[in-house]
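Heads up, the next two complexes both have chain A, just with different partners, chain B and then chain C.
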Partner chain A sequence: MIDTKPFRSLMRRNEHLFVPIALFIVLLVAAALRSPGLFTSSGVAGAILVAAPLILATMALTPIVMAGRGSVDLAVGPLLGFINVTLVQWLVGSGWTSPVTIFAWALFVGAAYQVLQALVIIYVRVAPVIVTLSSYLFLTGVNLMIMPRAGGVVPEWMTKWGAGTSIISPVLFVLIAGLAIWFVFTRTAFHIHLRMTGADERMAYTSGVRTNWVRIGAHLLGGMLVGLAAICHTALISSGDPVQAGTYTLQAITALVLGGASLSGGRGGAIGSVLGALNMFLISHLLATFNFGMFSGFATQISFGLILIISLLINVLLTAPKIQAMR
Partner chain B sequence: MKAKLSSTLITAGLMLSSQAGIAAGLDEIPPSEKAAYERIDPQVPLGISPLRDFKPKKGPPWKIGYASNYAGNGWRAAIMDEFMNKLLPRYKEAGLVSDFVVTQSELKDTVQIQQMRQMVDDGVDAIIICCSNVTAINQTIEYAYNKGVPVFSFSGYVTSPYAINVTENAAAGGYIAGKWLAEEIGGKGNVLLVSGIPGFATSDSFDIGAKDALTAFPDVKIVGNVAGNWTDQVAQVEVQKFLATNPQQIDGMLVQSSSENGVVNAVLQSGRPLMPIVLGGEASAACFWRKNPEFVSKSFHFWPPRADARMVWDVVMRTLQGQGPKVQSILRPALPYTIDDVKAALPEDCDLNSTDWLEPTGDNWAPSKVLDGFFDKPSDPLTWKP
Partner chain C sequence: MTSTPNTTFPRMKAPARGRMLQWIRCNRPSVIGVGLLVALVVMGSLLVPGFISVQNARSILLLAAFLGLASLGQTMVALLGGLDLSIPYVIGAANILLPSLINTGMPAGLAMAILVLAGLVVGALNGALSYKLQGQALIMSLGFGFAVVGAAQIYTTLGSAVGGNVFAPIPAWLTNIAAFNGRFFGLPIPPVIVIWIAVTVVTLFIVRNTWFGHSLYALGGSRVAASRLLISEFRTWLAVHAISGGMSAFTGVLLLGFSGGGYVAVGDPYLFTTVAAVVIGGTSLLGGGGGYGSTVIGALVLTVLTSLLVGMGMSFAAQQAVVGLLIIPMVALYARTPHIRSQI
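Coming up: the complex of A and B.
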């Protein structure tokens, strides 16, 4: 007799991934039918190039949202933009263009800013959403001060990163590095502590989890991933831009929820976030294959919104009975 | 040291060759149109067009892609209507265009990049973009160029050396607007600057030009700057807020179209006497002017939507026909119009809430003869024979 217990427990633990996986498969099949170009080498290369910043930005939100207290980091977009404009304006502008410097700066700024936010949330005791919203506004303004208009150049070694003509590309390696960081993180006790803190902070605290440190750690990890997202974004647009990165906030939050993470904390992971971001990309790709003509502005938005609502609804319906049972 | 020296030499060489390229490009501009290139934003590429010897892979008929990045205002709606309901049927009938594919990216560059790459992979023959980010999609434009798909940017430029810009000279437009306003208020007074979207090229170019013009009028002071987002409703709220919190006298409003009607409404609501306001071409604000002829002495077409759409379409067709565009950027100057033009265009009982646009009459914006001067083998696109 085969023991199915471990399998069932694995299934139960990853129940939130059913909808994202199902949607992913449906979208892939639809894309194969409507836009075979996606499955060519340059199609996949383009997909990696375009989706990488969103995937990493969504992954960056994941540990922070997992830490609970409804802490969705609204500042993720402008922070990504801050790293982008400082890289181009300050570092490249001053001749500091070595890959080590660029990566170190991106990771450091991302992590440092996130830790700062964590400290405000913990010690000033302001609700995370207020802290990150303030950050959003603050950084949006700062970005425009540093770089009033789009422009500048990236370091020479990065100029070809945005070509997106071959699958095995530097952007893919950055993406893999982000996933590797996540993989290592899930092998640590910190991961369990984070999930405990997010699920029930008080209980985690009484069980001896140092919840403040966990929150700081979550932001630190998120910040490093924002740094990697900023590198990929900079490669994609091969320049600096003070306003564009702001659009990542909403996209990443949508991808996060689409990937099955719970905004109330405790539940989430890299697989869900990657799937969520990929699904966003595929929806957008698929919609572009329909020619809505005159109505394209509205039709694209409505279709995008409808797909999101339906998949979120299915997600809620699947998890709702469990929530009822838990009460 | 040696490496540094050689890199400096290479950079200097590149700069020289790019300067030479610009000079060669400027030489190719028809003499009658040189004025349109004055006060140009230094980022606008002015070299020789890389598409001078361009030959399409196939066709006619051609499949054209329009990677629009926004659809939320009347200006964009007018452009879309011109493309879909006027130009497309005419060129389909002439056997020149088979299909016109439209995508929307809602101001998200990454989505626009993805959509443009997709268009290239799905076999369009040319891509039109409007008012996009000046640098972010350059790699994508190069990707398209390498696959034989030319990209045309209208009403806004891109810095890519592989694209053709067909656009108004926004910095010169701002200069003309600033100069006119300063003179209109007697060379003295406080001005509120209502920008488009800060950080967007056209908005910044226009403001730079406007501020430049005001330096000649030391008694004209810019006492505030709000972002109207090229949207009436946004501009109305922003100007209302400014007027409510700044009791000082405002003698003029330097406004970027399309938000002038919102600004007019905000001033009327504030109860202040109406001051001169820069109008761009919104039929609603023009209607107000028609009903109050003393309001301003003249207005300008800075970026008339339908005329802009017709111009880029014309250039796309000519390029696909192998007529050989000479330069990277085809620029148009702002066109003044008077109350008589408004009276001719709008009835007395015009709609103050119209979402329509006042357009230059006939082909005044980009006359066929003028466009001919920008091509090596000019011919009217509709009567062209392969």
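Coming up: the complex of A and C.
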């Protein structure tokens, strides 16, 4: 008799991944039928290049959402844009183009801003949604003040990144670095504390978890991932753009939900977020293969909307009994 | 308008410490809001020449009226502890569908009525779908908004040469309702301001005097207690979302009179400004505290602040940055959550 208990518990723990995995498979099959070009070496390379910023931005949202209190970070897009425009306008503009400087700046700004947000949430004790909402407005304005319109150049070494001709590209390494950070994080006690805090902050607090430090840590991790996302985004567009990055907020939140994370906290992970972001990419890629003409933008919008609704509903059906029990 | 009666009900769990003290505590957000409003007007009159003028007051009230009408649904949803992010998309959809319907030869009044009804239905559907989600309901409303605006754009683009904008001859009475130089029975007041006042009065009356109004606060305060009172959470949740959808469609329709041409992105600023008006007014996003009276103050504060910043010659980007920076201190004045120590 084979003991199925560990297997079943693994299944139960990853129930939220069923929908994203199923959707991913369906989309892959559809992509194989509609556009076989995606599965060539250059197709995959292009896909990595285009999908990397969204994957990393979605991963950046994950720890912050997991920390609970409905703290979905609305400012992730503008923060990504802030790093993008400051890199191009300030660093490259002043001649600081070495990779070390660029990476250090991106990671530092991302992490510092997120920790600042965490401190405001903790000490000013204003609801996270309001903090990130005000960040969204603030950073969107600041980005436009730093760089009124798209332009500028990226460092010499980064221009080759945006070519997207081979699979083994620097962007892939950045993506792997992000996943590695996440992997290390899941091996720590901090990961368990984060899940506890998100699932029930009061219970975690009374059990001796230092919830404030957990929140700061979640934002720190998220901020570093935003930094990596900003580097990939900068490589992708090969310039500075004060507006475009703002759209990552809604895309990343959608991807996060598609990946099965719970916006009420406690549940989420890199696998789900990566799958969610890949699904988003595949959906827009598939839609682009249809000849919608003038409708294409609208068709993308309506499909994102419908897919978000359906995946949320399926998530609810899967987890509804537990929610009832918890109440 | 700042003297509108406040709707904040005494919280049921608050211990009795004398009615006066309780009144002040319960109405602190409104007291602060009115103070803020006065301070902003004084600053405006000192810093910006011509700030205190009929012209400026009229434009502030006009813009605040649109924001206030769009924020009515947001306030009610927030009272239940949710957020409706479909508002900008419903506004945009109604804004392009109205000229498109007028182009088919339908009378404008009928088309408006149909769109507001459609908004109610769409909102109710949004509420029905998001009911089970609770914590994630706002994302459901976002997805729902995407779907609605995508469908509206596809419909209006069918058989037209350009996507996005829709043009039609707009009846003069609709323009009069929403334009800067609109007149209300000969008075130089754009009628939309009068509509806003009427809507405010009716809303405050309904919230204070009906079972529905009491249900809002009961549910926001405690779901369990409300269900013991036989208040249907589902029906109330559905109703507030329907109201939100209907009011969004109504705002979108009125905005057509203001701008003159259907433009789908006209609603976009309302994604964040409706939330900002609600929280600056002092309605807690956790549910149970605040009310539409507070949101009216919030909408006015936000509009006066924007007008002040424009008057000081700030670019749109700088205005956004300043408003973003100011939201946290404004909210911190009265909407701080208690420390976790005191929540155990």
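Keep in mind that, in the parts below, the second predicted complex is superposed on the first by the 319 of 327 C-alpha atoms of A that agree within 3 Å, B and C clash if a C-alpha of one lies under 4 Å from a C-alpha of the other, contacts with A are read in each partner's own complex, and residues count from 1 in each chain.
We adopt the following convention: contacts are C-beta pairs under 8 Å (C-beta built on N, C-alpha and C of every residue); 3 or more make two chains touch, one makes a residue touch a chain.
Small disclaimer: the values here were computed from a predicted structure and weren't measured.
Because the two structures share chain A, they can be overlaid on it, and in that overlay chain B clashes with chain C.
Shared-chain residue A:F298: touches chain B and chain C both.
Using the contact criterion defined above for the overlaid structures, shared-chain residue A:V257 touches chain C, although it does not reach chain B. Within the superposed three-chain model, A:L318 lies out of touch with both chain B and chain C [touch as defined at top].
When the two complexes are overlaid on their common chain A, residue A:V142 makes contact with chain C while staying clear of chain B. Residue contacts after overlaying the shared chain place A:V129 against chain C, while chain B stays out of touching range.
Looking at the shared chain after the overlay, A:I271 reaches neither chain B nor chain C.
In the superposition on chain A, A:L306 makes contact with chain C only, while chain B stays out of contact range.
Clashing C-alpha atoms with chain C appear in just one stretch of chain B from the list 75-83, 93-101 or 129-137: 75-83. When the two complexes are laid over each other on chain A, chain A has residues 144, 148, 294, 297-298, 300-301 in contact with both chain B and chain C.
Across the complex, chain A meets chain B through its residues 35, 37-38, 40, 42-43, 46-47, 50, 53-54, 144, 148-152, 162-165, 233, 236-244, 247, 251, 281, 284-285, 288-289, 291-294, 296-298, 300-301.
Of all residues in chain A, those touching chain C in their complex are 70, 72, 120, 124-127, 129-131, 133-145, 148, 201-202, 205-206, 211, 250, 253-254, 257, 262-265, 294-295, 297-309, 312-313, 316, 320, 323, 327.
Put simply, chain B touches chain A in their complex at residues 43, 68, 70-72, 76, 80-81, 84-85, 99-104, 106-111, 113-115, 117-119, 121-122, 133-139, 142-143, 159, 197-201, 204. Across the interface of their complex, chain A is touched by residues 83, 129, 132-136, 138-140, 142-151, 153-154, 157, 162-163, 223, 272, 275-276, 279, 285-286, 315-328, 331-332, 335-340, 343-344 of chain C.
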